[in-house]
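Labels for the chains are A, B, C, D, E and F, by order of writing; each one numbers its residues from 1.
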């Protein structure tokens, strides 16, 4: 936040660098079931962000001392590919990714019915293939689609979105320059059915009213993203159903001959 | 040892940089029972050295392959806070602290009745908050008070002290400049009741008679420090007894009403 | 491979820098049973290469999750001593030694009767004390002698040798300069009894016929090295038998008195 | 009884008390434990402060050296924050490299210092692009009885406020007091079922569903926030805590500035 | 049934099919799975390519910076290859530093790029002994269904062929396309009992006795080889595979060059 | 029988023998095992020596490079000592980073070399504050049969005495023999119940209560000491060992200097 620059982030018409209105999201695309090996997966593009999420489990938690006899643990590993950012990132976790992994794990644990799977682990892997501001929201949003694709029982999806402040204006979903040169960023995640916030961070400088406005803006946008998530899952189920239908058809076909 | 310098470490009156006589200790203060979470603890100031020691256990040794079916193991971790020295020390163990942890563990094992607690570990944590020459002796002296405060059964306390040589004179308890520019240092630890040496190191250049004189000097001083240790424990027991009395009183009070 | 240089690697007479003919090996010496603690060991000099191999096991595989309930695992650790090369090598495994350890383990597993020792590990340690091109072949050749010295049941020994190309000529057993400035290197290992290749690598630039010629050259030379291995073992058995005979003699001697 | 059953009973007990607006240690819902701030406890450090928050005991130390600035901010000094959850402080802390808990602590404390602009880092430039002052802030957790966030933030600001830059040692003029620009403080709330409390003790942390830490500055602006744990907050709950954090932040800031003799 | 028994049954089943020249996925013995190569998928990277080899899914990305050359090769650029077997790609991959499997993969891929002289590294010298272009090639394995070697080599060359050196960003003239010199491709064979197959699937890898990877260039020269697993090959088997690798290499090279628009 | 019982029986047996002044290998109480010192065994190293102390087998190698001096000692060369307890040498040594045992070994050996001033490090300064000779001394333990301290110290001094500084390679004049100033040797005693022995074998180490290592120089001065294990020594015992170490040190020093052709 807050690096100085001469870049004008909002033009005279009130439009942002990429032409968006203050409360407009970048384009979001989600595809579920994109990997073969994982139990569930999702690919998400959010502006120039490209994120892949995969889920394995419930499976035996390993190492053993992590096991909880009353419920499953949700372990998320958020990772950035070395080539996903301007300057190559050294492989392996850094402090930032450890923190993000922790808060995403906590947010997902809110909706997963962990009580059904004692001693198990539900492992969520988020790979940022290309980063362009907002990867934690993109990753969490993709991860909850991957969980659903894996058939992990959940109370609801989790949806994440950020809002922030640039040039004294509260705006939705900061882009890269807005993130670098803006005044504040508020990434959050909600459970749409209950409206509860399960992830919430903020950094920058906001008056209370600005903070509340930003939160409301991001929460509203989350409901739009929720529809995109559900649509991706619907399309995925259609494909799966189609495949199953094909299998039944060809079995019947075979039975005839 | 042995860095060259123009500093005069002993003046014409035979006094040292901080005004001490050759066989004089720096001021030592010990307080037992300073931490809430640990089973036992002690805070010690020795000159400008500030050291905290904490004890956990006997508790199950972890990881399991460390367990000894015939006795408890004593595991000491000597650690310097990053801000405890002139140039910031990177967090985590370095080779020096690994060696010191090893010899302190061995010295303490001599007095702890380890045979009473098979498969257990008695964990001793020494944190050097400010270092000014002599931290291993300060840490070991504090640790044995913390062990007593934790109620760990011991045959005796361990007391540590160093002596050395500066400007061809054998002196007690080297200060920082004396350590840097002196000729030899002999840190040792004894079990007062038996007089046995349970820690002994030396570096520098000493004739045999000088070495023996230094050892005797440090052993004698250890008996003074032993008194300070016992005094700290006495004060600690008084406080504990007071607290217990208060509890009994208030219980009786309550019973009356 | 392929660094440029003005060094003439083959002279007018067709001889190489160290006077060898194209299909000539460097001198090789092997001694078995050189270490006391290990279950089996071998010391090998191959030109200026000096390599020590030691074997422990079969013993319980550790950590447990490595255990295979149907057979023993063969774990080789190829390591270069810090002083074994021109520029000091930092202690511990680097990527090169990890790869070499893997392919040597696989090659040895071919001949060890692992099925006899379920849940066990056969640990092979190769220490390169001085390196001068060809250490993986030297190490593997020494390791199989050490395995035999340890009495580990094997179908045969493994023998390793390299051939390569320098100045457009296929030659046997590249020396250091030939390795640095040559055109290709083909290290391989065979099981003499079956003639099967159990290790095979290549880097450089070879036409197919050149490759096949190099392989045949190295395979033929392997049979010579096989004899040196067997001779070392024969000498070792003679010593052992002698020792045993002495023991029997002195026992008889004692019995008489 | 299993660990889980005990935790459940403890949770019910604490929650039951809370519904009657009582905490197990007798505090009000939005009351801090006793706070004690001692700046300058480590002579050899350029700055230091020890903070007791009830039985939670945190020592912050600052070491300063010169070094190169980051290439994208050539004219500002560098502040690096690290936290060590040393095994002395709790039977559940282990030796070893920083784990997620200590990394989150140091990053959240750091975020508030940075975003709250506690120091004017521009004043710590020696030669643009070449040499700046580099500050290492190390949080050493000595005794853990809950709410390391607020204790760590307090100790950090107090240590910074007590810091002398050792310029003379580097022949860069006279030593000078580190210029404090803002006084951000962190207030942390825990939600146990549907009751929120301020400054959770370890016992309360153990049964809490959700946690929210809010950094405010002296103007009541919010400078950093961090939610933790797997429970959720409603928007109204967050709004309520943000408002309380401004008010409670003022109290904390007063204690802090009194302790360090702040402006 | 124990894991070993299952593996044994699977092996017998696969082998039985192979003796009838059939593979469990219907392929010929020396037939590749479907290959899909998408260069340039990561905008922020200087070069990139995603390769699907059946269900095996590999992403190669290239980042470029300037730096010092190695002292023994002062006038050539540097290419560094790294492979991450991320746990996303397989239930058997774990987080953590590179293990023997990923190290072997990256080293074998790298060896072929280097010995096959895919790039003329001399053209990446900026100032001899002082400054050269440094390329970081990172292989990110996304989905693992066998034969990472060939997929990784294809993705690497495709990514290099799509790479633009960001010279303008360093004020070193115009950006330029990385000059590709050769087109080495890797072909990997697996031996199951006494039958060898090309491009082994994960299932086939699991039961294979031996593996041989052969890097060939467009002239049919062999540039690198790596044998794996504890089984052995006869010399005749190796000769046979080397010959097949030339022929199959041509097919692969065509697919590769078509995808990246190669010369 | 449990491990402990066996150890106890072994201890009683060894102790019983010792009270009759006999050691299990037939030595006197203060007698060294056979010592064999071979300097210069590694051609590629600047210095090296292999030492057999009975069956204990230690190889010391020295590599030399140029580099920057430490800022607080700008005009002296640097000597760095490292010891690797490689798993080849004992079933109880494991691969991995240095553990407390190997760290203690390298630090104690190093302390005696440093305090005993085996080399005049001032003669290894090339340009004060800029460039000095840096020596890496690596102890490679090949076979472990007790008393690594004395064997390691012997090998280190012998390796240093055989070292040629490769000045010509750096265009810094002719190569020259490393100038040896003093000949410190280490003598290690073990106490088993109340009997002390010199040069403990592995078997004796296993049952020893306390250990004392004493570094003496050719003038009989003590240069470094290290006590180990959890047993204690009386002052009189220490005095006795210190005196013996002078006498035994002379014997060792003669063997060492004969082997390396020392002055």
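Simple rule for what comes next: contacts are C-beta pairs under 8 Å (C-beta built on N, C-alpha and C of every residue); 3 or more make two chains touch, one makes a residue touch a chain.
In this text, all values refer to a predicted model and were calculated from it rather than measured experimentally.
> Can you tell me which chain lies farthest from chain F, using the average of the Cα atoms as each chain's centre?
When every chain centre is compared against chain F, the largest gap points to A.
> Which chain maximises the distance between its CA centroid and that of chain B?
Relative to chain B, the chain whose C-alpha centre sits farthest away is E.
> More than half of B-F's contact pairs recur, by residue number, in one of B-D, C-F or A-D. Which one?
Among B-D, C-F or A-D, the interface that shares over half of its contact pairs with B-F is A-D.
> Between chain A and chain C, tell me the centre distance in angstrom, where each centre is the average of that chain's C-alpha atoms.
52
> Please compute the C-alpha centroid of chain E, do the same for chain F, then give the distance between them in whole Å.
Distance between chain centres: 49 Å.
> Suppose each chain is reduced to the average of its Cα coordinates; what separation in Å results between chain A and chain F?
Here the centre of chain F sits 59 Å away from the centre of chain A.
> List, in order, the chains that make up the ring, beginning at chain B and going on to chain F.
Here the ring order, chain B leading and chain F following, is B, F, C, E, A, D.
> Within their complex, state which residues of chain E touch chain A.
Residue positions touching the partner: 41-45, 48, 55, 57, 59, 61-63, 65, 82, 84, 86-91, 95-97, 136, 138, 140, 142-145.
> Can you tell me which positions in chain B touch chain D when the two form their complex?
Residue positions touching the partner: 35-38, 48, 50, 52, 54, 56, 59, 77, 79, 81-88, 91-93, 123, 125, 127, 129-132.
> Show me the residue ranges of chain F that touch chain B in the complex, using the header's touch definition.
2, 4, 72-73, 98, 100, 103-104, 106-107, 111, 114-115, 212, 217, 220-235, 238-239, 242-243, 246
> Which residues of chain C touch chain E in the complex?
Interface residues on the chain C side: 1-3, 69-70, 95-96, 98-99, 101-103, 106-107, 109-110, 186, 191, 194-208, 211-212, 215-216, 219.
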